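As written, the chain order gives the labels A, B, C and D, with residue 1 at the start of each chain.
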Amino acid sequence: MKDIDLVIEICGSAGEGTISAGEILSRFMSGQGFEIMSFDSYPAEIRGFGKCVAHTRLSSNCIYSPGKLVDVLISLNDGHSISQLSTLKKGGILVYDSAPLKPHGEDKSVLGWAEPGTVTYGVPLTMLANRAAGNSRGRNMVALGAVVALFHMDGQSFTQSIQARYAKKKQVIIDANVNSFLEGFNWTKKHIEKTDSISFDGVIMPAGREKLIINGNQLVVRAALDANLKFYAGYPITPATKIMEILSKELPKNGGTLLQTEDEIAAIGAVIGAGFGGVRAMTATSGPGFALMTEFTGLSVMAEVPAVIINSQRGGPSTGIPTKTEQSDFNAAVLGGTGDCPRIVLAPIDTFSCYQATVLGLYLAEKYQTLVVILLDFFLSNSIRNIDIPVKPSQVFLDSNIAPTKAELENYQRYKVTPNGISPRAIPGTPGGIFFSTGLEHDEFGKPDYSDKGHLKMTQKRFDKHSFVLEEAPAPQISDFTGDMADIGVISWGSSAGAAQEAVMLARKDGIDAVSFSSMILSPFPEKALVAFADKCKKILVPELNYSGQFANFAVHIIKRPVERLNYITGRPMASEDILEKMRQM
Amino acid sequence: MKDIDLVIEICGSAGEGTISAGEILSRFMSGQGFEIMSFDSYPAEIRGFGKCVAHTRLSSNCIYSPGKLVDVLISLNDGHSISQLSTLKKGGILVYDSAPLKPHGEDKSVLGWAEPGTVTYGVPLTMLANRAAGNSRGRNMVALGAVVALFHMDGQSFTQSIQARYAKKKQVIIDANVNSFLEGFNWTKKHIEKTDSISFDGVIMPAGREKLIINGNQLVVRAALDANLKFYAGYPITPATKIMEILSKELPKNGGTLLQTEDEIAAIGAVIGAGFGGVRAMTATSGPGFALMTEFTGLSVMAEVPAVIINSQRGGPSTGIPTKTEQSDFNAAVLGGTGDCPRIVLAPIDTFSCYQATVLGLYLAEKYQTLVVILLDFFLSNSIRNIDIPVKPSQVFLDSNIAPTKAELENYQRYKVTPNGISPRAIPGTPGGIFFSTGLEHDEFGKPDYSDKGHLKMTQKRFDKHSFVLEEAPAPQISDFTGDMADIGVISWGSSAGAAQEAVMLARKDGIDAVSFSSMILSPFPEKALVAFADKCKKILVPELNYSGQFANFAVHIIKRPVERLNYITGRPMASEDILEKMRQM
Amino acid sequence: METIKSDYLDEKLTQVRDMDFLRYRSGDLPTWCPGCGYFGIMDAFYKSCRELELKSENICTVSGIGCSGRTPIFINSYGFHTLHGRSIPVASGLKLAREDLSVFAVAGDGDALGIGGGHLPHVARKNIDITFILFDNSIYGLTKGQSSSTTPYEMKTNSHPVGNPDGPLNPIRLALSYGASFVARGFAGDPGGMKDIIKQGTLHNGFSFIQILTPCVTFDKTNRTWKNLKENVYNLGLDPEENNMENAMRAAENEPFGVGIFFQDKNRLSYHDTLRHLNR
Amino acid sequence: METIKSDYLDEKLTQVRDMDFLRYRSGDLPTWCPGCGYFGIMDAFYKSCRELELKSENICTVSGIGCSGRTPIFINSYGFHTLHGRSIPVASGLKLAREDLSVFAVAGDGDALGIGGGHLPHVARKNIDITFILFDNSIYGLTKGQSSSTTPYEMKTNSHPVGNPDGPLNPIRLALSYGASFVARGFAGDPGGMKDIIKQGTLHNGFSFIQILTPCVTFDKTNRTWKNLKENVYNLGLDPEENNMENAMRAAENEPFGVGIFFQDKNRLSYHDTLRHLNR
């Protein structure tokens, strides 16, 4: 069977239907059994005619990264697409409007900017849209029709996808879209002579399981609901806002309560209050909000009250770049805050693991009575994948508080030092369980205690819990070594992990002896596993989306030897191609 | 000439004059030409009869640490002193009340708990105080009289010290104190047979320069005023409150303005506002307040607006232990905050360098248009030293803003990329200098710019400044190597540095081939110097007052090899004795 | 040996029955300065719990940082000493997650109106059903005598040795402006009055704002002293049933020492009730 | 070809002279949605600067984050786009350090009353001499349509799809309660009125609080729309010289659409003046 692995981009102006065309394409491909990964870029301003790009990678195999270079660029707007040409592969395909409303001025036609060797197909998008529906709005559908025709996709099913997309709209709108599509499809079949080799002919995908087409934010919500979330407090901020907006609808249906607070300080405060009340609670935010929560994160750890914070990272520092992806809150999440303050940090390594991390985070926070930070980023929050429907967590994951026994309630010590550092926790309302919690250092009853021994004992207790957390977290994903030693070990985290893993696979095909290490849990870090891994690698590479190599520095302090770094802060997700390139140079 | 190096502690209950007795002793010793280092411990609660300890080390040579073990313990209260005996040296001296008001119950007399070998002198403190002034209030002075007599100090001058201390009080109070002192002095001369060998006979100290008897907080204020501070905004918090309280009096006299804000967020916000206005501004806080400032620290760096934050560390995390010293905000200061956020961090290594760090901090913040964090701790803020009067900073240090030239004001680019990363900065009010600042990523004019190239360029600019900062910061203090390689290198920071340096001197006397490295600047860190140093040390030791080895971890990421650690969180300052002990075991 | 008369015995019994409020006291002795007004507030709190017959295990007391922040230690309840200024958000989250509990938030004037002042408008407008007690001694106690949001203009304090440049806030006026549905003032020297107010506040279904005028005997020797308070405090005599905001506002303005209930709106839905109403 | 009549020329000249306010406009074109009320506020701002003949280089405009946060970009002044909710502390520090500058702080309703709501009481009671303009569109604009502190009860928004459970705050009532010495309201559709108010606020020596009613045409289609505002807004007709807090409070309560000056106290010392007074 033939393999398909294509990256398609649609590029247009805000308001031209760029994003919805991309969405239809992705859903169609998912329905056909392909794996998809797609994301959109759009301007930060509310209004304007900024550039929109709908990016989709689709493949008959597993995919781990969105693909850096583009096989097919569909231009709805010459102006914007010119700057997008730089991502088109050598010999890639450009579909453009061959008869725009107004002829382009000199140097303003995308065709003029295409590299020699580019396969270019001109389709009279505007003209055909006008023909189909009397206005140019359907240009995006015409373009899709052209592509479907060109690559011998299933036009019939595609029409159904369009109908499904607009099912809730008026019939005239559905018709306009379908007709535009058909115009494009038929015109292309008739007029375009195919000179590329991309074809879906004969590609038969197995009828897969039902897929969920979903982004990270949506999956976090689904996971939280599945994991018994009963309280959410939050404040809007890009790219986390949607989590609150969806939960606002869904949480009450699940018997939970949502509170939109006056700021992020109140949000984490309320989460800690609910946690004190024995209820699973979380908040979601991004850099600026996470910074405001700093003081409260210390209280969660010190008073041992469960709290979960989702921090979807964006470009920083300060307000930074709200609509671009970056991984520059590693330090803040893992090392930020005052005092010796151990906390749990999880970073999903792909969309699917957003589900796992959320479930695990709520479970760990409750069981270990501490702070859990879950690091997403703009890309994970917003990029769309088709995934298998996640299996709901089993009962143990839904209720993990260790309550005191009757015997323990005699002269109850809320902060009793135990072998695993977990002190059985009474929930308010429990007769005989009354205790006092504080952000001051305290004794085993919870009363303030400033003695040197007391502080040491309690600090140890808070750190000791960590070794047990590690046993419950998923082990790091480590690829197989071919021999005793590998030439290059790639250590990665968060949304860059997929690209790293993919790069290692590509590198091996290329004859580079590379292996990969990525851990969803960043704090406590599986240090032993990393040391063992690094000991078997001649060179180490750490790719990540920040400037200062925050995780690389952290890794160095563990493995105590130099590493190579690949850092960029372009606002785009990590690309396996770049990692591969870097490996070639090492 | 004979050397003197003594640690004396006075231990009593709140309200017994423990602290003032210690103060008189320190001032007297300073007046006699000795170096002193003293600090007090007292309970965290406002009221109560908690234990007070006045600790003083005095020496005819330079001292670097307060001394861990005590030569002379003066007990004003048997109950509290029993627990203090553990710090008394083997064969040390205990002065106690031999005829307390009520006879002690079994096991309640400090004498009964003294180790065999302790030299004990019983003086009827209460009885003599009563004799001198009709009540027992003068017991602290009686005890001082006894000590002065015992060690053959200059009783005449000491009387003057007492008079000076109470000069503003009524004559009857002065008399009561002096008479109590004399009672103790005379009684001791007459009744006590000296069995120890401590004596000030024949110790003649050179008439030294005039000394300042001062603690770190007071010195910070003095430095800030000398360095042209014109605006202070702050919110009370232990151990930084005094900085605001003193400035509230002094700043208006120096033409500046002080604002007590509603919280620490407003404080740093106002400091940044004043900094934007071209005026030198700072705030002072401790852990919880510093945590609240996190979001604004990013703005200072991103918008390149000068701001100075003094963070006097206390026990953490969260509210922690407000009245104990700790060095656990290293991570927060150096690595905290979201995004790639380079900032300057200075940590004075002793009381004197609180002055230097404050002057330097205000200078660097203004010149490099960025955030400067100065890390003090409870010990540095409150411990008292007698130091040479600091030389006032020269003019270059008082006005370090680099203003745009007339040419530069044509089409003025506030964030122009320059070789040293510093863009000439117009101050509001400057005709032609109008610009816009933002916490968003921006172009050279300051306008929002989310392009990948823009973000990279500006991030680089913000980091590049750092290499130049390093050239202006004092070089790390590195002790001389005896050969090419040393056996042990001790790397230290902040208030622990003195103890580390002292320990290295002691170790050398002991035949241990040790060297010491300490840097007042922590960010940017003098990495090259550290690597060069570490390369010449067989083993490395990092002593610090926190649990998780925050600086040690940081050092490891620089030198990329393992280090030994010495961590404690007893709330007491680092002791050279402990470092020495650790070196012996290495 | 005295013989005990039966009517005396009855009296003792009544006293002991009244003393039952001591079961709301924890085993810890307050570390406050002798003479501090906070002792009286504690007493009134215990007694109102007693009269409402609250179960200790269903009471949660949430505080910020300050001398007032220590309050939960001295109450036999689930207690949470949170962060400076943050008792309200924590108490709000707790109550919203656990409607079955009686949630009290306490705060000093610095806590409530300074660093935590941003939370008050919102808990009030949301009408979250917690009882909030403001320990208003018009000074920062724990940090030793700096100006707070209610320190009078020009008063000399440790942070303003030449005089406080800031005009004081009027907490009752604020609470009314925020739309708090229960607004009252008590005096630390009037345990009976305080007890009644705290009781009414606890019974009120929605946010109850209670300011207590109380002296800091250690750091304020001139302004909110026992003497000044005792000489000036009087009973407001407003009828809260009237539910008249204009009267309440006028009283807030003109009666700095009047104690009693300024305003109560029994008809406003609490936050929980609003959610039920909206999700119906 | 038309001949130009001389009276027409005169008219043009006057217009151009008036247009001189454009020198307060920066070179950047606002990125706001077409129809957004903020354009009108900008115009009024430029014009009030023109009438006061402020020097551009002596104007500082400080904003928070939001659509309103972009304001300083469009003004030819020293501009500082700070953090969400923090225009007031930054502007306060700036003014206290540089008394010679004209400092304006602007904020959205989320900015000013939500996340930054804790700063308002204090800048008001300190009476720091900045002019504060609240761009009150009763919605979070930049983050796309969530409830803000002034969104009406039960209104459906993106964060409250079944209806906003929180009662709205009344910004005028708050400012009065805080002791602001200048309190006014304008309407984005009434540039002349706004201009006068901003002018008076700028001239006022102390903290000036100005609320502007303005529509978010993109995320609020039902409540604070142009239509609703235009139909309801009227002139308050209060005489601020009367300096009557009770009237002002009553108006704040009863006149949600009245524009004009609610209250002004010209006698209260500004913060700078108080400091001079105390340090005398």
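Convention: a contact is a pair of C-beta atoms (placed from the backbone, for glycine too) under 8 Å apart; a residue touches a chain by one contact, two chains touch by 3 or more.
Predicted, not measured: the structure shown is a model, and the values here were computed from it.
Note on interfaces A-D and A-C: more C-beta pairs are in contact across A-C. Across the assembly, the mean Cα position most removed from that of chain C is the one of A.
If you average the CA atoms of chain A and of chain D, the two centres end up 39 Å from each other. The centroid of the Cα atoms in chain B and the matching centroid in chain D are 46 Å apart.
Once the centre of each chain is set as its mean CA position, chain A and chain B turn out to be 45 Å apart.
Counting partners per residue, chain A has 252, 262-263, 288, 295, 299, 303, 318-319, 438-440, 448 as the residues that reach two or more other chains.
Under the contact definition stated at the top, the residues of chain D that touch 2 or more other chains are 65, 81, 83, 114-115, 117-119, 121-122, 126, 149, 160, 162, 166, 275, 279.
Residues of chain D touching chain C in their complex: 113-119, 121-122, 125-127, 149, 154, 160, 162-163, 165-170, 173-174, 176-179, 245-246, 249-250, 253, 268, 271, 274-275, 278-279. Contact residues on chain A toward chain C in their complex (touch as defined above): 230-231, 233, 252, 257, 259, 261-263, 265-267, 269-279, 281, 295-296, 299, 303, 428-440, 447-448. Residues 45-48, 235-238, 241, 244-245, 248-249, 252, 260, 262-264, 288, 318-319 of chain A are the ones touching chain D in the complex. Those residues of chain B that touch chain A in the shared complex are 44, 287-288, 290-292, 294-295, 298-299, 301-303, 313, 315-324, 326, 328-329, 331-332, 335-342, 438-441, 448, 450, 452, 455-456, 459-460, 463, 546-548, 550, 553-554, 556-557, 560-562, 568-572.
Note for the complex: chain C touches chain B at residues 31-34, 65, 67, 83-85, 114-115, 117, 140-144, 146-147, 149, 158-162, 166, 218.
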